[in-house]
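After this come two complexes, each holding chain A, first together with chain B and then together with chain C.
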Partner chain A sequence: MSELAVPQLERGRRRLLPPTPFTLAFSFLVLGVVVFLAVAAPLVAPRDPHAQNLLVGLTTPNSEFWFGTDDVGRDVFSRTIFGARGALIGPLAIALGAFLIGNVLGLLAGFRGGLIDAAIMRWVDLMYALPGLLVAIVLVGVLGSSYVLAVVVLLVLTSPFDTRIVRGATLEQRPLAYVEAARTLGLPGRTIMFRHIFPNILPVTLPNAFLNFAFSLVALSALSFLGLGVGPGSAEWGRMLAESRLLLFENPVAALAPGGMIVLTAASMNLVGDWVYERLADRGRAR
Partner chain B sequence: MSRQGLVLFVLRRLLALAILLTTVSFGVFSLLYLAPGSAEQVLLAGRPAADAETRNEIRERYNLNDSFAEQYALWAKGAVRLDFGQSIRTGEPVLTAIKDRSGLTIFLGVYGFALAMLAGVSLGILSAVRSRTSADRGIVMFSIVGASAPVFVTGVFLLYAFAVLLDLFPAFGQGEGFLDRFWHLTLPAVALAVGGSALVVRLTRAGMLGALEQDYVTFARARGLSARRVLLAYAFRNALIPVVTAGALVLSFMLTGAALVEVTFALPGIGALLIDSVNFKDLPMVQGLAMVLATVVILINLLTDILYLFIDPRITYSEGTA
Partner chain C sequence: MTAVLESRARSLPRQAILETRGLAIESRIGGRRRTIVCDLDLSVAAGETVGVVGESGSGKSMTARALIGLLPQGLSARGSISYAGRELLQLPERELARVRGSEIGLILQDPFTMLNPLLRCGRHITEVLERGDARGVSRRARRAEAVRRLAEVGIAEAVDRYPFELSGGMRQRVAIAAALAGDPAVLIADEPSTALDATTQKEILALLKSLQEARGMGLVLITHDLRVAFAICDRICVLYAGSLLETGGTAALEVEPLHPYTLGLLLSEPPGDRRLAELAAIPGVVPSPDDVAEVCSFSPRCPWAQPICRAGRPPLEPVAPGRLSACRRIDEIRSEMRQRHATVVQPAPPRDTPAVAAPLVEVELVEKVFGDTSSRRVQESVVALAGVSLEIGPHESVGLVGESGSGKTTLARCLVGLETPTSGRISIDGIDATDYDALSTADRRRLRRTVQVVFQDPYSSLNPVRSVGSTLREAIELYNPRSARHARQVDALLEQVGLPASYAVRKPIALSGGERQRVAIARALAVKPRLIVCDEPVSALDVSVQAQILNLLSSLREELGVGYLFITHDLPVVRQVVDRVYVLYRGEIVESGPVDEVIGAPRHPYTIRLVDSMPRSSPDWLAASAPPGAP
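Our next item is the complex of A and B:
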C-alpha cells in the first residue's frame, strides 16, 4: 500500500471509527511481541537463522521445524523471529528521523515565513509530485543497494509529509495570543518555536510518527522484496517472502509467515496511531 | 470560474509542470554521475574493464568528453523527442522496449483501478450509511488491513488461496487474447485493488458521513425523495471531491504497485522492466522509465486538479492557492 498510507489523508482520519478495546489490545499485543522478538531473538529462536542444512532440505512444518524449512534447509521459524529486528530498526529510524526533520523544517517554514518558507515548501512540493516508492526504487537501485541507503532515501521521501503538516499547524498557532505575548517579551524565535509552539502542535504531529512507522515498514520490505536494500539470504521479512514465493506449492508457510508478520505489524501500528490521534485530539478539544 | 480563468489556470499549471519536469530530468540525468564508479564504468554495466578503444568508443557515443552541462543538454534534447538511447542490457532502443512492455501494465493498471474504485466507493458508501454497525466496523477493519498490506504480500496470499489451494486461477503467465489475459491478470489486479480500495473506502466514508449530516439531505428526505436518489444524487454528488482525490492517488499507486505485482506474478510489464533494469544497472533504460513514469504521475495530478473544477464549480484556483 506504501505511500497511500501516508498522512496526506488527514481528512479521512478524523472520522475514522475508533477501534474496539479488543482490537486495540490485540494491536498492542502484536507490537509487544514484535519488540520482544527483536530484542530477544537469539534467546527465543531455536536455530541460527542463516544456517543452511542441505541434508534436511525443503520440509513442511513439523515438530522439529515449526514453520518448516526453505529450499536450502534454513529454519523458517527462526528466520521469522530474527526478521522482527529489521522490521523494527529501519522503520523506527525513519519515523524518528522524519519526526525530527519535519518538526524543525515545518516550524521554521511556518514561523519564519518568507524565503525560508518558500525554499522549504518548493522542496516539499517536489517530493509530493513524485511517486515515493518509485523514486526509492530508482535511487537505491542505482546508488548501490544497502539497507542504510534504503533507510536514508525513505527518510528523505517521508519527511516532506511531516513538514507540511507541522507548517500548517504552526501557521494556525502563530496568530494566537501566547505567541504574540512571547514575542512582546522579546523571546528569541528559537525559544518560541521549540518551547512554546512545539508542545501545542504535538497532538497533530505525534500520531504521524506511528503512520510513518507503518508506511516505512511496508516500503522497506517492498524494497527488500525487490532485491534492493538487504542482501540475498537475509532474515528480513520482505526478502524472505521474495525468496520463498516460488515454494508456495512445497512449503507455503515459508512465504505466508513473513508476509503475515508484515501485515500484522503494520496494521497494528496504524491502529495504535489512530488511537493516539483520537486521544490527543480529545485532549486538545477539552483544553 | 470563467473560461478565461480556466485557461489562465491551465497555462500556469503547465508552466509549473515544465519547471517540475526540468527539475526531474536534471535529477534523472545526474543518476549517471551519482552511480558508484565513473560514468564509463556505469555505461559498461559490469562488463569487464574493456580495452582503451572500447572505452573511447563509449566516451564518444555518450558524449562523455563534453562538459556536464553540454551532456545534459544533449540528453535532454533526446529526451524531449522520447529518445533515451539504447538499452545496455539488450541493445534495443529504450523507447521500443517501453512501448513493447506498456500494454500489459496499462491493462493491469486500468483493471486494478476499476476494481479498486468500484469496491472502494460502494464499500465506503455502505459503511457511511450503516455507520457504527458491525458492517461499518468490518469495512473499516478491511480498509486498515488493506492499507497495511503491501501489494506483494496480498499477491502471495491470493496466489496461495486461489492458485494453489483452490486451483481456480493460473499462477503465472499473462495469457493470449483479451479474455484469457483478463483471466490471467485477475489475481494481480485484485492484489492491486485491495491496497487501492482501502484508501478509497476511507475517503468515501468520511466524505459521505460529512454529506449525510447536511441540511439539504434532511430536506431531500423530508420532501419524500427516494432513499436511492438522496444517497446518490445528493449526498454522493457532494462527497465526490474526496473520491476524486482518492482516485488520483490510486492511479499513481497502480504504477508503483505494478512494479511489485509484476515481480510477484512474473509478468513482463513496465514495472518488471524497471526492476530488471535497476538490478542490471542498465542506466539508459532506468533513465527513460523514470522520466516516463514521472511524467505520467505529474499529468495525473494536473488532470485531477482540472477535474475538481468541473465537479465543484465553487472551487477556484486563485493566485494564493494554485
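Our next item is the complex of A and C:
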C-alpha cells in the first residue's frame, strides 16, 4: 500500500557520500597501473631487480636510477615494479579463496541450518577466538618463512569472517517468499543456494572481497616486514620497506616508494569496493 | 475539561477549521522532480468526519503528512494550508511543533512501530500533557489524568504497561489517546485500522467515531477502503493519482457515484452479502501523476474516455447539490453509469456443488507447536494449530478464514512441506505428506506437482535479480527437462495469467504489485498442479487490482480445473472465489460449510462476530458494538 512509497523516497538521504568521480577514477588508475606492472614487470623494469651492483653502492635518485639504489646497489625503481606481483597475487588468492570458502560455508550454514550450521559456526567461533596475526607469526616462525605459507595462513584466518557475513545475509533471504516458492517448486537445495540466494547476497559479499584484498595486502606486507613472509632480498614491498628503513636518511625513496605503493593500492581497493557495493545495491532496485 | 470541549464545539460554526487550497506536493530526489499531489482543495469543519479515499500512489498518506507539516525529507508542499485562520505552510518549525498535537493530532497506520517501545503507555500520554495546560501540575495529578485519558479509549489498565505487552488494537488505542492528549481540534487518522484484524478494525473505527462526536472534533480519515469510509464519514473525497476526482456527501455518493473512477472503485470491491459472476475490475494500474498531468488522470483506464477527456485536466466542478466531480462527460454518461451500477451488482446463480469424490487433500487432527516442546519448557511454546481436520476435493475451491495468529498460514505451510506438523496426518493424492523430508524422491516430486503455492507479498515472492522469463523457465524445466519448447511455454503461461509475452525479459522491479502476483500465479501453474494454496494473495493489492486477480483465479479454475485453498482474513473476498469455507480461530476450526451458508447464517459466536465486523454503511453498524469505556 502507500507506505511502500516512503522508503523509496527516503532512499536519497540514507547513503554515505560516495567517492567523487575524480577519486574513483584515480583509484581505478592506480589499480590499473599496479596490474599492468605486475603483468609486464620484465618489460617495463629497466634493470634486474635482484642484480647487485656494489660498484654503484647506495645512491639517491638520479637520471640513471630513478628511485636511487639500496645499500647493495639494487635499482629501487625496478624492485618496486617487480614488487607489484607479490602485492597482487597473494592478496588476490586470499580474497578469492575467502570469497569461495565463505560463500560455500556461509550459504550451507544459513540455508541448511541444523547440524551443518552448528558445525560450521563452531569452527568460525574457534577461529574468532584465535588472535589472528599472532597465530600467523607463530606458525610461520615454526614452519619456516615462506610466502605461500603466509598466504595460506591468512586465508584460513580470513574466511571465518566471510562465512559469518554470508550466513547472516543468507538467513535474511531464506524466509523471503521467493526462496520458499523455489522450495515448494521442488528445486534442489544447491540450485536455490547458488542460483537464487547467491546473486541476492552478492551486494554484501563482493565488496567484502575487496576489503579482504586491501586487508591482506597490508597483513602480508606486515608479515614480510617482520621477516616472516618472503625471504631476505626479495623484491616485495613489505620486505623492501623493512630492509630500507635503515637507509631512510641516505635514500628515503627506497623506503617511501614501496610504502607509498602499499598505501595507494590498499586505499584504492577500498574505494573501488565501496563503488562496487553502491552499484550492486542499486541493482534490481533501479528501473 | 469536558465543558471546555463542549463550549469549543458550540462556539465554532460549521465552517472549515482546517482547509487546503491548491495544495501541491513534490518530491525532488537526485535532481528528479516528481509530482505527488497537485491542486488539492480539502476542508474539514469542527464535528465533521471527512474521508480521503485513494489507492496506493494516490498521494493520500503524503497529504496527511503535509497537513501536519511532517513531510519526509526531499518532499515539499506548495499552496495553502490554513488552520483557524493561520497559514501553516508559512509557520516556522517551532510554532508548527506547537500546532501539532495540541491543535492537529495524527494517528498512523502501524500500531507496532508508532509507540516508543521503551516508554510505558502512561508516559506516552503524560509526555503530551507536560507541554500543555498540565505544565507544573504534580506528577500524581498527571498520572491520574493519563489514566483518565486511557479510560476514554477503554484501556485504563494499560497505564503501567509497555507497548510490547499489548495487542495491535490496544496499541492503536494508546496511540489514539496520545494523539488526543493535547485536545486537538482536528484529528488526522492515516489508515488507522488497516493493519488490524477485522473485528479489531470495527472497534477502533467505532472508538474514533464516538470520540469525534463527543469532542466535536474534525476528523480526517485517510483510507483505501471505500466501505470503511462509507461506514463512518460524513463527506468523502476521492483521490486518484494525486488529484481529487470527486467529493460529496457519503449517502449520496454511495447511492450514485458521479465519477467513473468512484464507480469503478465501488464495483471492484467484492460485496460481502452475495457472490458475483465476475467482479468489475478496473483494467490497468494507477499511473504516476506526472504521466497524466495534462489529461483527465483516469482517462487511460476509463471505459467512457473520449478525446475531450484528454484535452487538458478537467477541473472539479459542481454537478449536483453538494457534489463536485472532475468528469467532463458526467452529464452524458450518467444514465449509462447508473445502468452499469445496477447490472454489475446482480448476484450470480449459486454454483453447483461438485460431485462428491475422494478428497484430494485430507488433513487429520494436525497439531503444530512452535518452540521448545520438551517437558520442562512447554510454557514457552506456542500452539499454532490445535488439532485441525479438513478435506479438499479435486477441482474444489476451499476457503480458510481467520485472523492473524489463528494458524491459517501455518496450515498452508504444512500442506506444501515448508513446516512439518508436530502430530496428526496430512494425505495428498493418496501420499502421506505429513513429513516431506521422510518421502522418497519420486513421491516428493509428485506432491510438488500436485500442490503449489502463491504467497501474500508480491514484492518478495519473485527473485529480484532474475527476469520473469527465467523464473518461469526454471519451473517448467524442473518437471519437463527434455522439451525444447520452453520459450513457447513461457509465453503460454504469461498469456494464461493475462500478461503480454514481452514481459518475459522484464525484471520484477519493473512490474506493479498486481503484475508480480500474476507472475507468481504463472510460476505455480508451470508445473500444472491440481491444487494451489493461495496465502492471502490479494491482501497486499489495491482494490481495483485485487478484483483483477480474483477474476483471474476464477477463470483459471474454469479453464484448467485447478482447485484452490484460499487463505484470507477477508470474508467478502472469500465469498467470491470458494465453494466451501472453514473458519479457523486460535488454531481450531470452529465452523465449516458452504460459503453462502457460513457467511449468510453464521452459527459459532466467533463467526458471527467476524461477519458483523464487515464494514457496512448502515448507521447501526458502528453502534452495534460500542467499545467498553467509550464516552
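Things worth noting here:
Rule of thumb we're sticking to: the second predicted complex is superposed on the first by the 267 of 287 C-alpha atoms of A that agree within 3 Å, B and C clash if a C-alpha of one lies under 4 Å from a C-alpha of the other, contacts with A are read in each partner's own complex, and residues count from 1 in each chain.
FYI, a contact is a pair of C-beta atoms (placed from the backbone, for glycine too) under 8 Å apart; a residue touches a chain by one contact, two chains touch by 3 or more.
This structure is a prediction, so every number in the text was calculated from the model and none was measured.
Of the two partner chains placed by the overlay, only chain B lies in contact with A:V263; chain C stays clear of it. Contacts of A:L115 after superposition on the shared chain: neither chain B nor chain C is touched. In the superposed model, A:F249 lies in contact with chain B only, and not with chain C.
Contact with neither chain B nor chain C is seen for A:L43 once the two complexes are overlaid on the shared chain. Of the two partner chains placed by superposition, A:L55 touches none, neither chain B nor chain C. Touch counts on chain A: comparing chain C and chain B, the chain ahead is B.
In the superposition on chain A, contact is made by A:N200 with chain C only, not with chain B. Common to the chain B-facing and chain C-facing surfaces of chain A are residues 1-5, 9, 11-13. If you check the complex, the residues on chain C that touch chain A are 27, 29-30, 56-58, 60-62, 72-75, 109-110, 191, 194, 224, 416-418, 444-445, 448, 451-453, 455-457, 459-466, 474-475, 478, 507-510, 520, 523-524, 526-527, 540, 542. Per the touch definition, chain B reaches chain A in the complex via residues 20, 23-24, 31, 34-36, 132, 136-137, 140-141, 144-153, 156-157, 159-160, 163-164, 171, 195-196, 198-199, 202-203, 205-206, 209-210, 242, 249-250, 252-253, 255-257, 259-260, 263-264, 274-275, 278-279, 281, 283, 286, 290, 293-294, 297-298, 301.
Every residue of chain A that touches chain B in the complex is listed here, in rising order: 1-5, 8-9, 11-17, 20, 23, 126, 129-134, 137-138, 141-144, 214, 218, 221-222, 225-228, 238, 241-242, 245, 248-249, 252, 255-256, 259-260, 262-263, 266-267, 269-271, 274. Note for the complex: chain A touches chain C at residues 1-6, 9-13, 176-178, 180-187, 195-196, 199-200, 283-287.
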